[in-house]
Each structure stands twice: as structure tokens, then as C-alpha cells.
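In what follows, subunit A forms one complex with subunit B and a second complex with subunit C.
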Partner chain A sequence: MIDGLMVGAVYGLAAMGLSLIWGVMDVINLTHGSMIALGMFAMYLLFSATALNPYLLLIPIIVIGLLLGIVVYWIAVHWVVGRSQLMSLLSTFSVNMMVIGIGTAVWSTSPYNVPFSLPGISFGAYTFTGNHIAAAVSALIIAMALELFLYNTRPGKAIRAVADNRDAAELMGISSTAVLAIAFGIGIALAFGSGALVSTLFPFTILSGSVYQLKSFVVTVLAGLGKPLGALAAGVLLGLLEGAVTPFIAVSWIPLIEFGLFVVALILFPRGIFGRATA
Partner chain B sequence: MQRTKFALLVLCVFLVTPLFSQSNITIGFTVSKTGALNVDSLEQYRGFELWRDQTNAAGGIKAGGKSYQIQLVSYDDESNSKRVQQLYTRMILQDKADFMFSPYSSPLTATASVVTEQYGKIMLTTGAAEEKTYKLGNHYLYQMFAPATQYLTAVLDALKAKDPKASVAFVYEDSSFSNAVVTPAKPYAQQLGFAVGFSEAYAPNTTDFSAIIDKVISSKANVLLGGGHYADGSTLARQLYSQKVPLKMIALLVAPDSPQWTELGDAGLGVIVPSQWEPQTAFKAQYGPSGADFAKAYTAKYNTPPSYESAGGYAAGLILQRAIEQAGSTDTAKVSAALNNTDITTFYGRTKFATSSADHGLQVGHAMVLAQWQKDKSGKMVKQVVWPLAAKSADMKYPMH
Partner chain C sequence: MIFRRPTFWLILLLAAVFIYLPVRAGDAALREDLILVAIAIILVSNLNLMIGYTGYVNFGHIVFYGLGGYVGLYLVTARGWRLQWAALAAGVVVSLFALLFGMGILRLRGAYFALATVGILVAVSAFVSNFNPFGRSDGLYLSFDAYQPLGGAMRALWVTYYLIVGVMALSLILSLAIKRSKFGLALFAIREDEDAAVVLGINATMYKAIVYSVSAFLPAVAGALMFYKNAMIDPSIAFEYMLSIEGIVMLMLGGQGTVIGAALGATLYERLRSYLLTSPKLSNFHLVIAGAMLLLVVLFASGGLIGWLYKFVPRSREVIE
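Our next item is the complex of A and B:
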């Protein structure tokens, strides 16, 4: 259960990025998985080059993610915002394929590790690794920072304004294009951050992001679109669920349960579990 | 006089030409340069490559008065059986390969064997221990590895000698190879009187073992057997260590045999691997180099010691070479007959193939050893042979830490 809780916080962080982009610009970002994988490799490369504490390296990695996100926005997303969702799906899927293609050429699809471990805490025969605890705490800090940014800063309020009503926000003098670019950048930065945290827990390849992208979809649907903090809570919920059911069933059944939940959530809560409260 | 000289010259040309006539033999195979199998597959490839280089440098394969230079044709199969199917067809039809080696791993080899049998090509398999493929009525498939059933039965025999009351957990990759290993091992463990506290297969791409590890702890098992290949096996060992699971023995398939295992540091210490070959196993070679010469040449070329995958690759080349020499030809039927009659010891150990129609090509001569990662006097991680006792280079550490 506690393992699930800790990993769930990282799922939540990954889903926050997807949820933010989806909610603000109505774009289903299919580059999400490959950006998570790039975050993993960013951590691997920076850690190999500097040998600094990985949790310090999160800061430059998030900044790189933000900048890359803004670039990707201008190249692939700007042209499809406001058009049919199929266009944005195709456009972001193309970027995803390019990133995976380049990543495979550069790093192959062989597994990589970030060889760093923090001492864990033991309760009887069970030990919780330091990396898991630090990843969960980092995920929560990043999530809180995003929430503070969205509710207490001008750019954050602008993002929320554009998400609520783009035309009205434009009338108030907010440049929606710049806001959308920043929001997309933040979404990718969150994907980078979650990828970087996952890389300290498990080995990864350039293809590893797809697993977290799928989990992010489940979490986003559970939470309701465009509710980043709800996504974090739903991520933790998903992690807890994984932790709670694994003692009783084989681990290979977990995806079935998760996607079963996905369908049930779509039917029972089409606006997400947290949809009604905050919509 | 001139005519006599000319006639003599022509005669010489006719006599000498066959002695020096050179042809090429093309051998095709795929390598998993990318994907989950890349570590083990690359080591196997290096074995093929070293055999080719050494044999060509010594004048090639000499058969029927001809000398054949070996050409290897290979492609990246991306650890993907669909690619294997396409590429083996391509190597046979377009690249005109005379003989085939297998890809790495049982599932990829099973796929390749469908193609090679369809075109009637001999394929020596290495890195493919699962027995099922050799029981399908194939005619041209020859297995170099000892079959999968032997992997964990040897470990259980060794455990019986150390701790007859151990409680065993099986945690293994849900792949055809690991299933083929574990399925006969479970009843064998019970037959030896061990309690089997827990058993679960995990998906091949698993990276988070924490849920399974929690179950192992709850089961109170003190011995863990299983694993699959490098990617999952190394991750499982890392997470068992970081979660401080109180185990007395960990034996994992395949992964700990790789020289890359040292990257795990203390997480890799004490782990046992059932091995097809170790440099310390000193077989008296009736054919080809000695184990020491092979290991020396391999280390000099690749700056890393050979694993059993590397040895299997080299030995596959040697056995094919000997069969071609015995056949005196590259004709498939003749080489196949020579392979059927093979019973020889090389540096890799004994090689003999089953010849009945029920299991044609199954390896029946080769036996496995157990190796354990230990620290030598200088504190460096080294693999020691710990089983069978007659071949051991060090005592087994039990408990492992």
C-alpha cells in the first residue's frame, strides 16, 4: 500500500502535465509518453555528466522541459489549437514518433539506469527505499508549486482565464497564444519532471514513457479534464489501488483492473471524480 | 620442348588449383542490437565473430579439397519475432546464406526455425534452451545449449546439499523460456522436500517489482529462484537488495552470467546463475581451442571476459565447422548427417544431438554448472563455479551475504 502511495504520487505528477494541456487548450497531447522518456534520459545524461544529487538536477530538467515544450508548441501544436481534436492527435502523435525514432537511433531501446540510491526506512521485514520516498516528496513539492503558480501569479491566473474562456481572456488583454505556449511548456516540464523521478526508481528505455502515458490517461479521466491537483490525487488513488490489490492477485492482472476502472469512470463519472466539485 | 612445358604448366594448374581453391560460406543470423535482449545477444554475436576471425585467419574451413572463407550476414532483429521472420527469409532468399545460426532467445529461435525448416536450411541454435522447439519434428535444427529443464534442477540439487529445509519462492519472467525452466523445477523442488512458499510470473517488461517483493517477504521464503533475461533479472536483483529482503540464496536465469553484472555492485554479490559454461570449467578439447585460449583471445578482442552466451556462439561455429569438414562438402544433407553423428568435446564441453524423430536436434551431451558472484582477495567481484562439487573453483556462499 505504502509503495503504491509513493509511486502513485509520481503517476499523479505525470498526469498533471497531460491534464493541464488537455484542460487549457483542448489538445490531447500524444507526445506525453515520449516527453516522459526524454525526462528520464535528461536525468541519466545530467547525472552521468555531473554526478550531482538527482533531486537538485530536477530543476534544470524541468527548465529544459519547459523550453522544449514551448518549441514543440510553436512547431506542432499552435496550428491545430481550436481545430478538430483529430488534428491535434495526429500532430502530437507525429512529434511522438519523431522523438522515439531519434531516441532509438541515439540510445537504442536498451535499458538504462540512474545508479543512485538513498538509504531506506525499514518496518520489520519491509523496507521502503529512500529513492521512492524522495520521488514521492519531490512529486508533491512540484505539484504544490504548480498549484501556487496557477492561483497566485499573473501568468498562472492568465492560464486559468484562457482555460475558462479564451475569448473573454483575449478581451481582457491576455495574449492567449503566449499563454497557450507557456501552458504547453509547463505540461511538458511536468512530464520531464515525472520522467526524471521515475528514472531514479526503475530502469528505462526510450519506449518506457508509453506505460506512464497510459496511466496518465486513466488518471486524467478519473480526475476530470484540466484539474491538475485532481490529477495528483487520482494518481495517488491509482497507486493505492495497485498497492491494495496486488497482495491478492498476480501482478500481471493490474493493467486489466486499471483499464477496467478507466471504463467504469468514463461511464459513471464522465466529468471525472473531481469534476463536479471544481467544474 | 615448348609443348611439353606448356602441358606441364597446365597439369600443374589443374593439380594445384583444387588445393588452393577458395570459396565462401555465408552464414546468416540476426542479432538483437536493440531491445530487451541486446546485452545477451551481443555477447553471443561476439562469439560468432571471434570464431569467424580466427578460422578465416587460419585459412578458413577446409573440406573436400576446398578452403572456405566464412562470411557472416546479420541484421538487427530489435528483439522482435516479426523482424526475425522477415530477416531469416531475406537472408535465405536474397543473401543466399548457406547455413544459419539462431537469434538469441528461445522465442526468437522458435520463429526463425519455422523459416529455416521451410527452406531446408541447417540452423545451429545457441542461446535457445527451451525444449519444445526441438520436439516439433524439425530436421535441420541443432541445439548447442543444454535444455531448459536443467537450469534450476541443478540449483535445487545444490540447495539440498546446503539447506534441505529451505522455503523456496519462484519469481520468473512470463516468457516461454522461463516457463520451460520453472515448470519442471516446481515439482522437482517439492520432490526434494522443499516448501514452495510462493510462485508468480511477471510480465517481460516489468520494471517495478515492489509488489512481488512484498509477497516474497510475506511468504517467508528464504530462497528465491527465477528471473528471465538481463533487463528484468538485473532490476529484480537491484530491488531485492535495496528492499533488504532476507534471502539466503538468489539464483536467477541468464542475467548474472553477463560481465555487465558487476555494474550492480553489492546488489549483485552472492547471486547464483545456472551457466552453460564458465572459463574455470576446464574441458579437454578434442577439437578447437582450449577454454583458456578462447577466454584469452576473447578478452583481448573485446576487453571483457566471455559469458556463456559468447562461448555458445563460438562453439556453434566450431561444431558447424567440424561437421562441414567431416562431410567434405557444404551440401546440406551431408553436413546434416555429420551433425547427427557429432559426439565431441570442445572447450565448451560435450556436444551431442538427439537423432530420433521425436526430439531431433535436442542437445543431449552438454551439462550445466552453477556460478556465484563472490569477492576475490582484492575485493573485486568475480564469478566462481560452485556446483557440481567436482568442478568447483570456490565453495558456495550460503547464506549469500
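Our next item is the complex of A and C:
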């Protein structure tokens, strides 16, 4: 259950990326799952190449994610921002297909893992694995960093301005295209970071991303759009829930529960549990 | 009247070609190729009702096909029903299921709906993998005797082929009929501007739920027939996410919102896919190619092949719908 809480922090991190992109440019990023998977493989490759501490490797991985995100933005997203959602869904999805296709060709669909573990901490009868704690702490640090960036720096404020009202931001002299590209890059960087953290916890394949993508959607919808800390909190909530139900039912039922939660949340709280009541 | 539309006769011609080609040659391999194309056309033309007509992306369209296969196979194996009744029952059951779900999730707009459909696919697949009467993750198998009522396995394969081609023709005719009806007009109105449509007195939620349910019927029937022919079903082949997605690629390629475009896109893509899958060098890259194709169509030619045709030969609109 406490493990669930810590895994939840990582879900929250993944969802923050999705939520940011969704909130800022009204694009539902269907490449999210494959980007999480790429984050996992980035960690795997860097770790086997350098054997450095994985939490140190997070920094280059996040930078790679940021750059890749900006590239993807220019290839597929820039042209569909502001067009119908159908188009942006399809164009991000096509990128997803290409990434999965290339990934399958390179790594096949067999499972990989990052062979690294920290010593655990024991409290009486309970033992917490070190990796879980470290992942949760890293997720929290990244989330805090994002929050500080969005609220206390000029580019962060620009992103929020564009999310709020693109035309008005443009009139204030903000180059909205650049802001959108950076926001997309940050979103992907978060996906990379969470993928990298997940890879230290569980074995993964190139297809694993889709599971976390579904979780991210659930979390984003629970939290409401464009609220990074809300996403983190909702992620923790989802992790707790998973941890709480797994002793009683088979793991294969979990998608059903999450989906049920997703639809109920959408219908009951269209603006998210942490959302404002007004439009 | 629908009989006066040239497209109607085009559809019948297509079905006739599908029947004639393998029968003339007595060629079972050709039949197996064409059956895949026919299934693709069925899935895509019904998907078109949602995406092309109503403007709602359904990422989980394959659910209807897989669930239809399950219901059909269950009725044949466990209840000893005849194929035709089992297939019809599969269609009815899955349509009702879709109606029920549609009432719930179609209150969601646009992209939220699209996400919910992914959820439906995952959820149904998780449910079936844990559901005892459907054999959990092992699936259902058909014993050889099940083919006896149709005169043995050899004949049964041909009979199911004719039935599937029949369902294909029905799917296309259904698309055409809806396009030419007042119901279709209401769907187009929802696609163009849902708020305006509601203001003008269209009960959007109900119309969407109905078209969602209608788009479930024939794929479910086809699923029952196809999995009967294959004599086995399990969750991973019944609810293959990729197939669901490739359906969207086929539709965009051919031209969303058009009857013939759906058939054209399905045929071309399905042939391309079997070529890529069998070629040793490219088999790993068929997803990459499909993805690139989808991206190009979305960015540069959102009308697909038929959209091009309309642009260069405007009069073709009269003939090809």
C-alpha cells in the first residue's frame, strides 16, 4: 500500500506531462505512452553503457526528452494546433505508431530491466525497497521544479499565459509558437523522466508505455487539466488505490477499475476533483 | 431511392467480383486473401459512421468485432446454436451493449470520447480475460463437428466466405443509406457543429448513441463468422488494438466520410499490409510505414484519396459517394 503511494508519485509525474500539453495547446498527446517507453529504454541504454547511478542519469534523459519533444512538435504537432481535435489525435497517434514500430524492430517486444537496487528501509514488519523511495523522491523533486518553473520564471509564466489565452499572450509580445514547442518538449521530458523512473522499479517492454498512458489519462482527468500539482496528487491517489485493491483481486482486473474510474470522473467531475467550479 | 444511386450498383459489382474471382479459380489462397480484405472493409465502413459521419474518433472499434466473435463462438460451442442464428444474436447482443455504453460515454464530447473508447477496449479485454464462460485468457475453441451442419469443413469455409462478403456489401449499403437519410444529415450536423445541431433540435446524445450502436452490429456479425471460420478465439487476437488503429489509417487513406473511400482505403491498405508482413526486410516496419502514411494524410490531404479525386474531377461527386 505504501509502495502504491510511491509508485503513484511516478504515475503523477507521467500525468503531469500529459496534463501540461493538454492544458496549454488543447492537444491530447497520444505519443505519451511511447515516449514513456522510450524513457525506459533511454535509462536502460545509458545505465548499461555508463553504470552510473540511475538517478544521476535522470538529468541527461530529461534533456533528451526535451529535445525530442521539440522535434516531434515541429514534425507533427505544430500543423494541427488549433485544428479539430480529430486531427491532433490522429497526428500524434501516427507518431506513436512510428515510434512503436521502430522500437519493436530494434528491441523486439521482449522484456528488459535495469539491474540496480538500493538497500531498503525497514519499519518493524514492513520493508520499503530503496528503489521505490528514490523514485518517489525524484518524482517529487521534478514536480516541484516544474511548479517553480511555471510560476516563478519568465518562460514558465509565458507558458501559463499561452494556456490561458493564446491570442492575448500573442498581443503581449509572447511568441506563442516557441512557447508551445517548449511546453511540448517539457511534457515529453516529463514522460521520459517517469519512464526512466518506472524502469528502475519494474521490468518493461517497448509496449509497456500504453499501460502508463492509460493511467496518465485517468490521473489527468481526475486532476483536471493544466494543474501539475493536482496531477501529482491524483497520481498518488491512483497508486494508493491500486495498492489497496491488489491484495483482494487479480491484477488483470485493474484496467477495468481504472477505466471505470476514468468514465465516472469524466461524468461527475468534468473539471477535475481539484478543478475550479467555473469555466 | 437508393437504387438510383450509382454507388449502390458499384457496391453490388464489388461484391460480385469478390464472389466471382475465387470461385472461378477454385483458389482457396485467393479466398483467404479476399476474406481479410472483406473484413477490413466491414470494419472500416462501420467505423466511418462514427469518424467520417459524426466526427467522433473511436479507437476501440475492434471491440465490437472481438466481442461478436466471442458471443458467436460461445453460442455455437456451449449452446449448440446454428451459425446463422449465433451470428445474428452476436450482432444484436453487441449492439445492445454498445447502446448501453454509448448512452454513458457519448455524453462525453470530442477527445474525451476518443479516450473513453480506448478505455472500453482495455476494459472489455480485461473483463473477457477473466470471464469463465469465455475461457478466460485461453479463449474458446471450436471442435471439428461444429462444421457438420454446413456440410463439413471444406464447404463451411466457402459458406462463411459468402456470408462475410454479404455482410461486406450490407455494410457499404448501410453506409450509403445512412448518408442519404435524414438520420445521416443529423449526424453530419453534429460533426460540423454539435452545439448548433443541438440548438436546432437534434438530440445529439441519442443520435450518437444510436449510430454507435448501429456501427457495432455488422462488425459483430462479421466477427462471429470470422472466428467461426478460424475455429478459435482468445483475447489477444479478438481485441487487437493495432487492428483497431489500422482501421483508422485505412479510413483516412481512402477518404473519411465517403462510402467508396472506406472500401478503397481498406482494400489498398490491407493488400499493402500483407505485402509488407510477408516481405522479410520490411515486416518489422509495417507500423512505421502505416504511421507515416497516416501522418502525411492528416497533415496534407485530410480528404484522403477520394478527397483528391473530388478536387480534380468535381463531377465524380455525383457518381462516387
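Annotations
By our rule, the second predicted complex is superposed on the first by the 272 of 279 C-alpha atoms of A that agree within 3 Å, B and C clash if a C-alpha of one lies under 4 Å from a C-alpha of the other, contacts with A are read in each partner's own complex, and residues count from 1 in each chain.
Here, a contact is a pair of C-beta atoms (placed from the backbone, for glycine too) under 8 Å apart; a residue touches a chain by one contact, two chains touch by 3 or more.
As the structure is a computational prediction, the values presented were derived from the model and not from experiment.
Subunit B and subunit C, once both complexes are superposed via subunit A, fit side by side. When the two structures are aligned on the shared chain, A:Phe202 is found in touch with subunit B, with no touch to subunit C. Judged by the touch definition given at the top, the superposed model places A:Leu214 against subunit C, while subunit B stays out of reach. Judged by the touch definition given at the top, the superposed model places A:Ser252 against both subunit B and subunit C.
Contacts of A:Thr50 after superposition: neither subunit B nor subunit C is touched. Applying the stated contact rule after C-alpha superposition, one finds that A:Asp3 touches subunit B and leaves subunit C untouched.
Of the two partner chains, both subunit B and subunit C are touched by A:Thr104. When the two complexes are overlaid on their common chain A, residue A:Ile267 makes contact with subunit C while staying clear of subunit B. Seen from the CA centre of subunit A, the centres of subunit B and subunit C span an angle of about 60°, rounded to a multiple of 10.
In this overlay, which is a superposition and not a single complex, subunit B and subunit C have their closest Cα atoms 5 Å apart. Contacts of subunit A with subunit B, set against its contacts with subunit C after fitting on chain A, overlap at residues 104, 250, 252, 254.
Subunit A makes touch with subunit B in their complex at residues 3-4, 7, 104, 108-111, 113, 115, 117, 120, 122, 125-129, 131-132, 201-204, 208, 211, 242-243, 246-247, 250-252, 254. Every residue of subunit A that touches subunit C in the complex is listed here, in rising order: 28, 75-76, 79-80, 84-87, 89-91, 93-98, 100-102, 104-105, 210, 214, 217, 221, 250, 252-256, 258-260, 262-263, 266-267. By the touch criterion stated above, subunit C contacts subunit A in their complex at residues 51, 55, 57, 104-105, 107-108, 110-112, 114-116, 118-120, 122-123, 125-127, 129-130, 137, 241, 245, 248-249, 252, 284-295, 298-299, 302. Across the complex, subunit B meets subunit A through its residues 33-36, 38-39, 78-79, 174, 200-203, 205-208, 210-212, 214-215, 217-218, 231, 234-235, 238, 242-246, 263.
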